[in-house]
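Per-chain residue numbering starts at 1, and chain names A, B and C are given in the order in which the chains are listed.
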Amino acid sequence: MGIEMRNLTKRLGGETVIEGVDLSVRMGEILFVVGESGAGKSVLMRHVIGLHKPDWGSVYVDGERVDSLPEKKLYTVRERCGFVFQHPALLDFLSLEGNVAMPLRRRRGMGGTQAAEEARLWLRRVGIVDEGSRFPDEVGAGVKKRASIARVLALQPRYVVYDEPTTGLDPVSARRIDALIKRHAEEQDVSTIVVSHDLRSLAIAHRVAFLHRGRLRATGTLDELRASSDPVVRRFLLGGNPQSTEALATQDDDICYSYRRE
Amino acid sequence: MITFQDVTIELNGVRALEEVSLCVEPGELMGLVGPSGAGKSVLLKAACGLIPVTSGRIEIAETPLNELSEDEILDLRRRIGMLFQQGALFDALSVFENVAFPLRRRDWPEQEITDRVLIELERVGLSHAAHLLPEELSGGMRKRTGIARALVTDPPVGLFDEPIAGLDPVTGSRILNLLRTASTERKVTSIAVGHELDTLLPVCDRVAMLLDGRLVYLGSASEMPEAEHLAVRQFFMGSEEGPL
Amino acid sequence: MVIEAQPHRAVFFLGRTAVGVIRTVGSMVLLGGRALSGLRRPTWPAGELFSQAYLAGNRSLLLVAITLAFVGMVLVFHACIQSQRVLGEMSLVGPAFLQLIIREFGPTIVALMIAARVGAGISAELASMVVTEQVDALRMNGADPARYLVAPRLVSVWIMTVALCVFGCAVAAVSGAVTANLLFGLSYDTFISFSMTRTGDLVTGLAKASAYGFYIPLAASWAGLSASSGSEGVGRATTAGVVVGSLGVIVLSAVIGAAVFGLGL
């Protein structure tokens, strides 16, 4: 069981964005999908919940092929997969607690008090139960992010996909999100895919998949990737430190490529 | 040179900056970090007179900001290159025209504008994209266009608001390199705001950290882990435990 | 239980509102002044006047035509019925209707439509420029948003408002005449008569049209430029632009009406 993509290829706007990607995530595993902007990370993830249909290849969730499912049946897949979008998209007119409770009421059919109780439970798990009665525009970016994560996790999905969960957050908030992802994956035994380019987050990964120009360039544990001799992988992992001579030296070699992609 | 002396700023009755004093030396690149809402962007906007100071004194290139009339501030701003958080490119203008904009405002002759803009676009590696509109650009390209527009007039002062927010580390370091080169080779006195410490700090000469509108750290990046203030250490390490 | 009167609360409220109104008007006047000073030496991009005029004018033609056609229809319908009942005949309906349309309803209703359609557009556009820091970027490059953004909108919307008011009056007159002819059998000659319209009415109508034409883009620009950050700032600014714009139109209508009356035109 788990999520599996086989030989996935996707063209968008006349350009091949994903090319022959084979990738799977096992139960209880934290998989990081990393790569430069435009490498196709987000597009790849959108295939899991059927927001994109592949041109080639197939996607399996729990052994069931989902890429050919009609929109109606996709709901059962989306029920099982939580997707934390990059921008929190909380509803402004509801408190944080209300935001978490709303899907519980609508999709789990809970009553008002039960949903509120459940929402508080999840806010406590993500560590912001004290902020529950406040509104999205009264709290900082990190708290908003955690509320949006609570909103997804409260539905208890078997799979969770996080799209750049730490982008735009200060380091302290970012590490809190990391710890949260890790704890949830371990305690609830859910499979987790994190799309990210925050190098510090990689510490919580069980396995890392490095995507480059729509292709899977390398997979393995973080240590395996660090030991890789592939210059592209090395440059990315060192990218956070531009003064390292290696990063500077390889800086412009495929600049033309990134322009085309951009 | 940029000098802040006991600067306090109130916005809508809320203290955004409180008695901040700092000084950026000529040709220095200062990193300005802190949690969101700490007042980093406010400080940048105050430095170019976009936000009025409640008390204290700001000097830009030896000109005290407080004593200037609106027209004089307009004039001073021409000597400041600013990169806005979201790029702030003019939607209706192409990349070329966006970069040419500051020069057109200074009534440069057409030929010189073209030459100058092409050189600047070359520097940020966007020569091939001159004709594109902002909506056709990726995040990294928008930022680079913004940097070209900020630096096209060879300003003595550069202010960069979140130059690498949301960019991957490789694109991010490419952009920070542009800022580093600008301050080293073109002697642009710069402040760069961000919270991607791993990428930002290595290119900066010094770091200033704001917390709730107060300056809690000013010094080299390497000494940040030994800072007195617990919050600074926590911020630098990104650890979960601490006052933040 | 004794209910105590709390006069101070009302006073506070009134005072706050008054201060708010004065502030708003004051900052609008300042903005208008700066924009007008920009007309001496235009700095906006070439073609801006034309494209703004196109946006404001051509795109509002249909809206104005439909609205004024219905207003003419409804007004004439009721006027004819009342006139029949009170006077027993309808020969004065046409002249009175034309005077009313020229002096009051034509310009004001057209202006309300423009405040909603064009004003909202200007507020939203400028507000999104504020939110994405484009306005700050302009200021950083020594371009005063009042002169660079507001001035061309002011001029083109002003011209277009006056033109649309004339157009709207014509549409209302025609639809009124057709209604009177088809439903009440009034001949076009009897209906289209300017016997009750004096020069003063014409002047009043034009004065109103040009006052609205100046005020609407100014109010909309003011609302747009005072937007707070975030995407909800754009929404709020747009609402504010329409509200302040339409309220102002009504107030201006009364003020100009009173002034003209005082002057004895």
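What we mean here is this: a residue touches a chain if its C-beta (ideal position, glycine included) is under 8 Å from a C-beta of that chain, and two chains touch if they have at least 3 such contacts.
All figures in this text were calculated on a predicted structure; none of them were measured in a lab.
Chain-level centrality, scored on Cα centres against the all-protein Cα centre, points to B. Across the structure, the highest number of inter-chain C-beta contacts is found for A-B.
Centre-to-centre separation of subunit A and subunit C, using mean CA positions: 50 Å. Rounded to whole angstrom, the centroid-to-centroid distance between subunit A and subunit B, based on C-alpha atoms, equals 30 Å. With centres defined as mean CA coordinates, subunit C is found 42 Å away from subunit B.
Interface residues of subunit A facing subunit B in the complex, by the touch rule stated above, are 35-38, 140-142, 164, 167-176, 179, 197, 199-200, 235-236, 239-243, 247-248, 251, 255, 258-259, 261-262. Subunit B contributes residues 33-37, 125, 128-129, 137-141, 165-174, 176-177, 195-199, 202-203, 234-240, 242, 244 to its touches with subunit A in the complex.
By the touch criterion stated above, subunit C contacts subunit B in their complex at residues 43, 132-134, 136-144. Residues 45, 48, 50, 74-75, 77-78, 80, 82, 84-91, 101-102, 105-106, 149 of subunit B touch subunit C in their complex.
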